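In the two complexes that follow, chain A is the common piece, with chain B as its partner first and chain C second.
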Partner chain A sequence: MMRDLRRFWPPLVLLAAFHAAVVLAGFLAPYDYAEQHRDFPYAPPSRIHLVHLRPYAESPDGKSYPIEFLVHGRLFGVRPPGVVFLLGTDGSGRDVFSRLLYGGRVSLLTGLAAALLSLVLGTALGTIAGFFGGWPDQLLMRGGELMMALPWFYLLLAVRAFLPLHISAVEAFALLIAIIGGIGWVRPARLVRGVVLAGRENGFVQAARGFGAGSPYLIRRHVLPLTFPVVLTQATVLIPQYILAEVTLSFLGLGVGEPVPSWGNMLAEARQYHTIVEHTWLLAPAIAIVPLLLGFLLLADALSGQQVST
Partner chain B sequence: MVPEPLLSVRNAGKIYARRHWLGHGRETTALEGISFDLARGRTLALVGPSGAGKSTLARLIAGFEAPTTGEICIEGRRVAGLQPQVQLVFQEPAASLNPRFTAAEIVCEPLVIQKRGGRGSRARLAAAAMEKVGLPGAELDRHALEFSGGERQRLALARALVLEPRLLILDESFVGLDLSAQAQAVHLLLDLQERLGLTYILISHDLALAGQLADEIAVIESGRIVEHAPAREVFAHPQHPRTRELLEAALALAPGGLPV
Partner chain C sequence: MRYAARRLLHSLVLLIGVSLLSFLFANLAPGDYFSAMQTDPRISAETIAGLRARAGLDQPLPVRYAGWAESMLRGDFGYSLAYNSPVAPLVWERIRATLLLTGTATFVAWLLAIPLGIWSAAHYGGWRDHALNAALSLLLAVPDLVLAIVLLAGAVETGWLPVGGITSPGWDIMDAAARLRDILSHLALPAGVLVLGMLPVLTRHVRAGMLEALRSPFALNARAQGIPRRRLLFHHLLPAAANPLVSLFGFSLGTLLSASLLVEVVTGWPGLGPLFLDAIMGRDFALVLAVVMLSTALLAAGNLAADLLLYRLDPRIRVQ
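For the complex of A and B:
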């Protein structure tokens, strides 16, 4: 038991760090995500000298500026006209580090919200199908198979084509969540249905029925708790999958639009070969996503290990 | 005047029809022409091989299902649906307890479902029910899994008693208990019967166990009662070949002789 609990700490710490970083973007990022430094497009990461009596940063203009901490509500920064770019700038001279933090908000929140939508839909529909059986079961499961058979990527392109060319960032964000989450309910629904199907045959469910319990009571008190382990494990699998889906869609220009950053549309700028070769710092989101996904997968692993041991 | 029996079963039958959407379906006769009376405070054992229809009869009496033919009356009123005065203690008590629940939640559950009383009165009733079956009230916070097999059976019994039933149907409730736990359970049931004036229907395939508890024994085979007599009578002069078979099986397992 103790050994299993210890396995939860590394992924939880890792994920907590990522989420804290994006939630605190307004404090940790030295610049706003849309702030452009037109004089310094594609500036490489600034050299930082921390081990010094007064830590200083080398600006792309060749001068050095002392780093100031906790000024103007930011963790750090330099006094203008100096600039500090931890991860360089993009073609418009926007700080990649700041955009990475703000863009993480969109990517992580899409993953969480879409997974929540999928799980709520999947749990509700799977429970109804498994508990009541009969035609609702047939309808939901055949419908689910149809959903799985759909080439959802092309469906997505088609849906996007029906909408106006330019939609606001908030609308695009809501659309992303609705589409990713709305398509993904099938797998959790099938898993939950299986658990409910077996769970409703439990002696204690029959006994409660014998005391006169109705379906809402049986589902709420006896059947739904049985599905929690499955739902939890599904969450840790779906969230990283959906974060990747957001990155993919935004990369293709189907997600939130400029100037709002997301890890997907930041990478879109790195799609050119010469960019990758000459401005490697633009790949920062692609590198940031690796430990994030690893965190979720380690958590899923720890959870499944926990279930085997109990 | 003969007192009105607590339970009266008149010509009850149950046919399960498996309908096919193209017309002809198959019918299975589970019970046929079952009639008997059971007086207050008595114990009837329904004995028979697996699949004879014992559990179906239990479900009909408890009101889980309606009989296809005939009628079942409790205290002169026809059974239609579930009723609190008849409680069924399920096969394998361990499986009928939700492992996530505490003893208090388990024992209170019938009250919660029936929306009886408030939190305080439920807790009092649960503690009283635990007391009745000889489990200390201090154990109300423990989870079902933490109890031993015999204790779980008592827990299931306490849960059935909390609604203050008149008739308790024990459907193979002793399966999976070791002999000493079984003996304790028999003792407890006899004690409860004396104190609370309960009537029991004991369902078992074990004639030896039936002999320890029952006043009368009914042997069921293929959905019919083939022999129904006082327990002593059944042991002394078994009439039906099936009864003799069951008796021999019971004797073979109890070389010291039957406790009747």
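For the complex of A and C:
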């Protein structure tokens, strides 16, 4: 399965870069995510030019200021009254580049945490159902069918609909993880159940049982390791799906709200399409998500070992 | 026939289960349509309690479920508190717009995916196959949301396509040809987004199915018999590869109501999507439930149709 290790490197490097950028947002971003420059709403990306090999940033008022590196615990910045907006500003004069980095924290972390929740739930329930069979198995399979019968995104929206709308950003964040992760456990559970069902018939499992091993030991030592490949593959599929779910929900105003940025609520400004036409740099989160999803996609392809892409 | 009856029964049980579950969840959820009024000091608690009683929200849960289920079966689909009318006439107009959009998109996507998938499988391993795959992988990584926003911005910028709605002003005085052109031009943008979103998945499935058929011994034999390539691909291999595609087709029929929600909201297509979102924001649970139930029913129907079609097409399934 792991014949061609080279195929793992490009997506892994890409994903590592994204996550590093997001984790280091406090260092890489020149401004705080909520810092407003009221004088410069919808400022276009700052022009950078080199004078004697030193970079200068042109403020929207036309004056240039030298860019300083490693000051005030930030990678780069400009001494006030100068400003530097690598990707312009939004309607409140907030730096889009900084918000993109901070917003990525919310979006990526939601994806990771929700996928973790789904996988833990799915693995636990799937293992129990597959290993013990009987009525828990029946209950799980029937219940899962019920969940699978609903269109996924509708289910997500409907569950979100039935919960309070106006809540704080932190609550919204926790709620998103709980909903997205709590809805998605069915598919991993069914896959894990299949693996466990086949795995418990293995000779070494039977032998261990013959030597008097109890069920908890058997599951932990012999059966769970068998499910690892399935869980890993599912993770590469679920994480991007969940990141996208967060972006979509926040875009629709059902996720994390202002002033905390997420890629979704940053894009919400694009719902007024004349805004986006005049201020194209507001599309930055939409552009950023494409290589991220591509990274996960390539990783999933490499894991499943299919010759899907070149 | 017994197979069909069994599958139908299964779908019905599933639907009833979903209705119970979603109704229960909707009613156990904190807050209802009248919750927003509680913050208004001009409306007394008694008034709100009275309104709740008039809407039947003070009844015990089983009674409410029975009432709701009866209204569902009668074809009213529940009573919307926000619009003060049965839900059915509200959704009916929207369903037509949604079906027009998703039907067109699904048709076009399949029309493109089948030849593309066959073409890609026929050139397996060659540069054309690789190029197409790379393009499709890239497309797969671009979510509908991003595609819709970017294409929308492009349409506004260039002015090539109208934005939002389903018809232009002056629709009433157009003749038939102008009306058709008008609808098509409005349809192009949202349908284009949906087609681009579906295309990679469908093409990959067609390709995978065809590859499997190509590698089978009967394909080798047919080739050795000197059957021309085109005839071999379309006549002999496509039917052999059809099984997973029929299932997939049933699934895409089933998602006709639910696939376009986001695209409708972004591009301003007056389908179920915007209505659903408004219902969520307004906590109009009857409307939310109706839309969920309708799309679930269609999904179940699509899967059922696929199974029955498979049963008809493939003798191997009948034997089991």
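Things to note:
Convention: the second predicted complex is superposed on the first by the 283 of 310 C-alpha atoms of A that agree within 3 Å, B and C clash if a C-alpha of one lies under 4 Å from a C-alpha of the other, contacts with A are read in each partner's own complex, and residues count from 1 in each chain.
The definition used in the following text is that contacts are C-beta pairs under 8 Å (C-beta built on N, C-alpha and C of every residue); 3 or more make two chains touch, one makes a residue touch a chain.
This structure is a prediction, so every number in the text was calculated from the model and none was measured.
For chain A, the partner with contacts to more residues, out of chain B and chain C, is C. Within the superposed three-chain model, A:Pro225 lies in touch with chain B and out of touch with chain C [touch as defined at top].
By the touch criterion stated above, A:Asn202 is placed in contact with chain B alone, chain C being left untouched. By the touch criterion defined above, A:Ile48 reaches neither chain B nor chain C. Looking at the shared chain after the overlay, A:Ile276 reaches chain C, while chain B stays out of its contact range.
Applying the stated contact rule after C-alpha superposition, one finds that A:Tyr217 touches chain B and leaves chain C untouched. In the superposition on chain A, A:Ala268 contacts neither chain B nor chain C. Those residues of chain A that touch chain C in the shared complex are 145-146, 149-151, 153-155, 157-165, 244, 247-248, 251-254, 267, 270-271, 273-274, 276-277, 280, 283, 286-287, 289-291, 293-294, 297-298, 301, 308-310. Chain A meets chain B in the complex at residues 202-204, 206-208, 210-213, 217, 222, 225. For chain B in complex with chain A, the touching residues are 62, 64, 82, 87-88, 90-92, 94-98, 100-101, 109-110, 113-114, 156, 159, 163. Residues of chain C that touch chain A in their complex: 14-15, 17-18, 21-22, 25-26, 29-31, 130, 133-134, 137-138, 140-143, 145-146, 149-150, 152-153, 156-157, 163, 204, 255, 258, 261-262, 265-266, 276-277, 279-281, 283, 285, 288, 291-292, 295-296, 299-300.
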